[in-house]
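Here it is: the structure, laid out below.
For reference, chains read A, B, C and D in written order, and residue numbers begin at 1 within each chain.
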Amino acid sequence: MTAPALDRAVPAAPRPRFLAGHFEDLGAQTETAQLGIWLFLGSEILFFGGLFTAYGVYRANHLELFRYAHHFLDWRLGALNTVVLIGSSLSAAWSVRCAQLGQRRGLRATLLVTLLLAAAFMAVKYLEYSHKLHHGVGWGASCHPDAEILGELPAALRAVPVPARLGTFFAVYYLMTGLHGIHVLAGMGLYLWLLARARRGDFGPEYWAPVDTVALYWHLVDMIWIFLFPLFYLIG
Amino acid sequence: MIPAARAAEPAGAPAESYLAHGRGPRAWLLTLDHKRIGVMYLVVITLALLLGGVFALVLRLNLWRPGGGLVSNDTYNKLFTLHGAVMIFLFVIPGIPAALGNFVLPLQLGAKDVAFPRVNLLSFWLYAIGATLFVAVLAVGGVDTGWTLYPPYSLEDARGLGILLALAAVFVAGFSSILTGVNFIASIHRLRAPGMGWFDLPLFLWALYATGVIQIIATPVLGITAAMGFMDRLFHLGLFMPEYGGDPVLFQHFFWFYSHPAVYIMILPAMGIVSEVVSVFSRKPIFGYRYIAMSSIAIAVIGFFVWGHHMFVSGQSRWTNLVFSFLTLLVAIPSAIKTFNWLATMYKGAIDLRTPMVYVLSFFAIFGVGGLTGLFLGALATDVPLHDTYFVVAHFHFVMVGAVLTAFLAGLHYWWPKMTGRMYGEGMARLAAALVFVGFNVTFVPQFFAGVAGMPRRYATYAPAFLGWNRASTVGAFVLALGMGLALGGLLASLRSGRRAPANPWGAASLEWTTPSPPPHENFEATPRPTGPYDFTGLRRVSDEAGWIRVPAEAAP
Amino acid sequence: MIGALHRTALAAAGFMPERASSVAAGVDRVFLFVLWLSAFFFALIVALTVLFVLRYRRRPSRAEPEPSPSHDARLELFWTAVPLALVFVLFGVSTRTYLRMVEPEPGRDPLRIQVMARRWSWWFDHPGGRGAPELHVVRGRPAELVLASADVIHSLYVPDFRLKQDAVPGRFTRMAFTPVLAGTFPIVCAEYCGTDHSRMAARVVVHPDQASFDAWANEGAAPAASLVDLGRTVFASKGCAGCHSVDGSPRVGPSFKNLWGRQEKLAGGGTARVDEDYVRESILRPSAKVVEGFANVMPPVPLEERELQGVIAYLQSLGEAP
Amino acid sequence: MTTPSDPPTARSGPRAEHVVPARTLLATAAALLALTALTVAASRLDLGAVNAVVALAIACAKASIVALFFMHLLYERRFPRVILVASALFAALFVAFVVFDTTQYQPDLRAREAQAPPPAR
């Protein structure tokens, strides 16, 4: 057995600017950051998992209600938002590639596109929310759809009386899409920050961990929406 | 080559200790040094323990007479709620991982810090905000929902502002716990010293790893539950409130999906400390290292699927009850494995009854009782009468207070010289350990009897038939408080008058003992080369002042 | 030998409640099985700890440990397999008893009773229409309880029956048992429900035979003859007794003794005289006028007109303010 | 003493940083768009309970594609995969246990509601 402590040759090269004191090199730092964000994403999955459980419980026990209520949601807007998010995921993945390859212009462009698509997503969400709230489709006890929005339902459903628990469906809907929306907003904040740093020229083939970790987070947000879209807009 | 003992005396030019590295409140409150963050956690956690302890004493005094009378029923209900919430969320859950774990983990890994020091600081501040919110609950008149926060009671309008603050506190404290878990797992994966393989980790780190898994997977569900409760209370969503079409039993599923694994967040690090201490003070490698490491992981995984045993009489369906009962009983197995492996470690050892070891011996007895009485509550037939009686109160205090607290004190005494650079007085510390053991048992053993006799929990008043058990319990609570006071007093006194601690006062083999006490800001003067964490061959005791040093053994096997 | 010890322990366990239901003895058998199991393992742990500490304590002649293996797969497998086997046994034994605890005994026609829990009282509607704040059952005849709650979660716990079941608002829960001892046994609430949780008690009366039960069920079976009787029934069945005493002792709400005509100081200032209008308002909209010193916690109690008159008559019968 | 076989620790590992090819990224996005169209089309058919299964299956396929290519799990070490699969598994088991239990006791909720419906809003 060797003695507990052996001196090691101190590297002569200057330390890279963004290398934290407790890592030997940037590669190690990047890998650790990736590991950390993956662990955090695991946590996020369970965070949403609670709401998916609520969805499952209420859907399993009030299937008719869910079948009825999903007609209040416009699948075209949902599909549009799905496409928007897939596009933003693509540009987020591309931004990582640009950073790794040192393409600074491309990096700035892809970050900006990601940010703009995220904003577009929120704009569509705003339209959906405001339309529903305007017509009295709130959540829980404050869900009293007015005649106009009821008139937009398929003819077969207009004859049916409004179910008593419509507010429960919308409680789950607003909670899940709302929490997802908060994540989108947080992602937009992160992309603003990345954009500012990219303009400063922080990122390059050596140092791109922040671009990658934020992109991983962004893909998870996309992934959650991939489930929310069919669960609410398509099958109800 | 640097003999580890050299650093005990400030000869030459050793790096200044982390305690001296930067002064003033900013250098502490905004530090990224895991050691300082650990110490700050320790301070806040100790304050939480004192606060929760004072609540407990008032509760016990009120139960001196069957009719109560010291405080009103409402006040009693608020006190037991805050006693539970403060003790669980602010002391037991973060106690060992956040305070001791933060300090020890990078040192045992041979790393300079945790993987994400800034996240670590954020984690501390989230915890501090959560603690402040709990104190704010007190300021707005308290809540009387019980720490379990069951709706519909907890979400009625009459609970007022307090419940909203409490839910917010739970949410924030939960995120602190998640971030700690992320940090620890990433650190263990990535920051092991060169040459340290997975099975060269000290078992405390295996325990923290398993804890981290639970923190990452279970705690977010607590967060979302608190958020849903918050929204339900504010907007009457009809999730949990039957008045609006919700299902209160659903809340219980959500709550216990976190809160049962949370018990393992508490007990696993405690088991980790026991594994360290029992090996060091028997001067023998831990018996069945891999078995103990794997049983930690097994407990973490099985522990996720036993939450329903809190709901056997709550209206959960019969078949769900059967599944949960079986899974619950399964947890007994890894716990039994650990216990027998610890005992086997002592076999033919050279057992040194220093304070940490005294605490660990009392841990064996207390954890034995706590674990075995769990069988009564996992088995359906006996759980039905015992559920929500004092039997349950006694059982979980044996596990969460008795076992965790004694392990916490064992760990605190074990690493105290490393944290502070001072040795505490053995005599007083051992007396305190004995008082804690006696006081604890006098407090909680009678509660088993009261529970079997049919006394429900959360009672501000009780039938005169239970008088004797309650009086004994109250007396015990004060003995326990005295023991705790003595233990803390002894430790604090050592800060002034304690003898300087050598780098390795116990002859332990894990890496934290190869660096000076207290360690320098950078933890190690050079990248450490790990030996096995339980390889005691070659460690020789020099003197009280110099501690133990590793003699390079040419004929090492 | 174990059997003798077992019987001694059974007899000595005097602090255990009576075994008054058909499943109580079975539950206690499981309890004692686990108790012995635990006692064995606990004794083993403590004995080994003490033995090792005494024998292997560090002393000058014993500075270093003796060589011994650092692991032993067969030994470890042994102490994995034994607990595993015991877990299976325990699960089997306990589950067999449990399944008897949740089903009414087959064969005889069970006595079906509706239970309503509210803060902080119990109400039991028996077959034949008689309701009472206490539970009446017949020795040897299975009883099936359907529990509901008017406000928050409560739990019906009869220690002497070894049975417990939560009453959950918004749904029914069920409980079944067969009493085997005649007598009265306490009922307590085991799920925390607020201020007077610890005083939410009732009792179960086990009649020795059906005739005794029928006699009880039929007494006063005629519809409430007088308004005062009607009011008394409403007072008990709507849970008023949970918070309002009739003997002057303080509870969550004001006592009803000598209430009529009293000038009450109100929380927001001002006073109110207890008369017909005040009582009517206090029942239908309790938060309108809250007496000083009491919390505004009473839920509105929607009563029919005749029931209101009955309560007023009953309050008048409890004495006028001095 | 140096041991070249030391496991990677605070230094970078042997994993070369993988730059995902542009064609892969484009193909991934195309596949996701195609599956979106497919799931919309499938929902237009009335298949009863099968609709939900189809929708979830397609969603799982899309999520896997995102994870494997956009999140470059395909090129990662094993551990991130373990994290993703484990947390998805725990979430799924949580949903399964709770949904199973609540459907079991649902009749008791319905019966109570029939007897005393919740107050009108």
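List of remarks:
Convention: contacts are C-beta pairs under 8 Å (C-beta built on N, C-alpha and C of every residue); 3 or more make two chains touch, one makes a residue touch a chain.
What you see is a predicted model; the values in this text were computed from it and never measured.
Counted by C-beta pairs in contact, the busier of A-B and B-D is A-B. Averaged C-alpha coordinates give centres for subunit A and subunit B that are 35 Å from one another. Inter-chain centre distance (subunit B to subunit D, centres taken as mean C-alpha positions): 33 Å. Spacing of subunit A relative to subunit D, judged by their CA centroids, is 13 angstrom.
Mean C-alpha position of subunit A lies 48 Å from that of subunit C. For subunit A, the set of residues that touch two or more other chains comprises 2, 6, 22, 28, 31, 35, 39, 42-43, 46, 48-50, 53, 57, 141, 164, 167. Multi-chain contact residues, meaning those touching two or more other chains, occur in subunit B at positions 111, 189-191, 216-217, 221, 242-247, 249-250, 253-254, 315, 318, 529.
For subunit C, the set of residues touching two or more other chains reads 170-171, 173.
Contacting chain pairs in the structure are A-B, A-D, B-C, B-D, C-D.
Put simply, subunit A touches subunit D in their complex at residues 2, 6, 22-28, 30-31, 34-35, 38-39, 41-43, 45-46, 48-50, 52-53, 56-57, 60-61, 75, 79, 82-83, 86-87, 89-90, 92-94, 96-97, 100-101, 141, 164, 167, 215-216, 219-220, 222-223, 226-227, 229-231, 234-235. The touching residues of subunit A, when paired with subunit B in their complex, are 1-8, 20-22, 28, 31-32, 35-36, 39-40, 42-44, 46-51, 53-54, 57, 139-142, 164-165, 167-168, 171-172, 175, 179.
If you check the complex, the residues on subunit D that touch subunit C are 105, 108-109, 111-113, 116, 118. Chain contact summary for the complex, subunit B toward subunit C: residues 73-74, 77, 144, 146, 150, 152-153, 156, 158, 242-243, 245-249, 282-291, 313-315, 318, 321-322, 325-326, 329-330, 332-333, 336-337, 339-341, 343-344, 346-353, 361, 364-365, 368-369, 372-373, 375-376, 379-382, 384-385, 387-389, 449, 452-454, 456-463. Those residues of subunit B that touch subunit A in the shared complex are 1-4, 111-113, 115-117, 119, 178, 181-183, 185-186, 189-191, 216-221, 223-225, 227-228, 231-232, 235-239, 244-247, 250, 253-254, 511, 514, 522, 524-531, 535, 538, 550, 552-553, 556.
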